[in-house]
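We just call them A, B, C, D and E in the order they show up, numbering each chain from 1.
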Amino acid sequence: MFVAKVTGAVVSTQKVAAMVGFKLLVVEPYRVENKDRRSLVTTGRTLIAVDTLGAGPNDFVLVTQGSSARLTPETKNMPTDAVIVGILDQVHVGGDCVYTRQNEEASSSGT
Amino acid sequence: MFVAKVTGAVVSTQKVAAMVGFKLLVVEPYRVENKDRRSLVTTGRTLIAVDTLGAGPNDFVLVTQGSSARLTPETKNMPTDAVIVGILDQVHVGGDCVYTRQNEEASSSGT
Amino acid sequence: MFVAKVTGAVVSTQKVAAMVGFKLLVVEPYRVENKDRRSLVTTGRTLIAVDTLGAGPNDFVLVTQGSSARLTPETKNMPTDAVIVGILDQVHVGGDCVYTRQNEEASSSGT
Amino acid sequence: MFVAKVTGAVVSTQKVAAMVGFKLLVVEPYRVENKDRRSLVTTGRTLIAVDTLGAGPNDFVLVTQGSSARLTPETKNMPTDAVIVGILDQVHVGGDCVYTRQNEEASSSGT
Amino acid sequence: MFVAKVTGAVVSTQKVAAMVGFKLLVVEPYRVENKDRRSLVTTGRTLIAVDTLGAGPNDFVLVTQGSSARLTPETKNMPTDAVIVGILDQVHVGGDCVYTRQNEEASSSGT
């Protein structure tokens, strides 16, 4: 799994039937910053993940890839290879808290 | 999953029986541009995906990889690890619309 | 899946029983050239794939990875994660034909 | 599998039900240093893995990815793609011992 | 699959029960050298694979990744994503033999 920031969403009307009705979010994987190691920085990659938890823009989430993405009740028959399995409250690295979720109500008010 | 642009197709007469009759498209994964973050740019990678939706050249599509590529009705017994699961209408990043599908009739008129 | 060039083969006498009798080819994944986009260039990577189609040196082939590599009749119980599922006749990108198979008889005369 | 250093943990209250109650550690994959080959160095990547063995900060662990991450008794129905399958005591490369676990009691006293 | 050189081993006493008693080798993936194409060179990556064939230090082996790593009789219930499926005798690229196993008895005398 990896930590990613929710930065957007995609719209697709013409899609495989099993995917209709699901939110498809743009997620960008993050990593620990190499030098001071006190923050998370983007890896520069862009993926799309199914969201069943109601993640909002700028939330940091935990993403599962591969066949395990079908191990949630909602995704079990879906041709997806990435699903959001948790919305992160905090990320701790080397004794420091490098991410804390702020203002949850505001951040979940739209995608 | 990832966002990719359809840029071509492959022709193969000598292939595994389960793949006969399916369209095999050249797809190039895209990512959010790092600086202004208002466009999608190519990752420089090239993959081949099965298409069951009728995607055309220059369409942006959603591609599923791995065993999940066999979770569509058409691909369930096929030795493929990549399938197009949606044709994208729009991609939104950071509040901006970074892609809108244009002129659908024209773009789907050939591969 | 990806497009790869067959460039060699490996010999292994001491191997897992299920793999005895199968041809194991050296394949190098190719991608669309970034600038003129009129040719395929190597990615610099090297993989080994099971061949059940009789691909020869310098053939461009379509390779499936992961569990889907076990979805051909010959490979279903084999511990392989890569199989050649098609020998390519042509690859089209952006309206151009960037690869055409030539002289099939000559190219399939050895590995 | 790969060797990784445990460097932190994530906290998530809003997550898929099957993941409740499991420790989710930040792990950074390491590789053999290229020149002297007498140490392990970070690859710069950051992943999150389920821990069922009680690994602590700075421990080097063995991580399994993909569907095989569901092959432990605790993770079999969990939508995870990474699990810690061993805490490493030693890593040997080229005749040298490039890592020895030290002071186990201290290192396992917190995350 | 990929070609890798066996360069070491890991020791882990605290591990998932299904992995007890198996040899876990350090393997470094190799690729064809880009210019003269007459040798194999390291990719700089480091992985750990289960060995059931008795591979020794400096042997070049064939490694299978992902769920297919569980398709050998010994590994079928094991949470591993990488297994050695063959010890290589020769690797041929472009008509040249770029690797020949030498002095098997000596090389298999220890890990």
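Methods note: a contact is a pair of C-beta atoms (placed from the backbone, for glycine too) under 8 Å apart; a residue touches a chain by one contact, two chains touch by 3 or more.
Note that this is a predicted model, so its numbers are computed, not measured.
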From chain B, count the fewest steps through touching chains until chain D is reached.
2
Quote the value, from 0 to 180 degrees and to the nearest 5, of the angle by which the CA atoms of chain D must be rotated to coincide with those of chain E.
70
Geometric centre distance via CA averages, chain D-chain C, whole Å
34
Distance in whole angstrom between the CA centres of chain C and chain E is 21
Where in chain B do residues touch two or more other chains at once?
65-67, 69-70
How would you write out the ring, from chain A onward through chain B?
A, B, C, E, D
Where on chain B does chain C make contact in their complex?
7-16, 18-19, 24, 26, 28, 42, 44-49, 57, 65-67, 69-70, 77-82, 111
Across the complex, what residues on chain B touch chain A?
1-3, 30-32, 34, 40, 52-54, 62, 64-72, 83, 85-95, 98
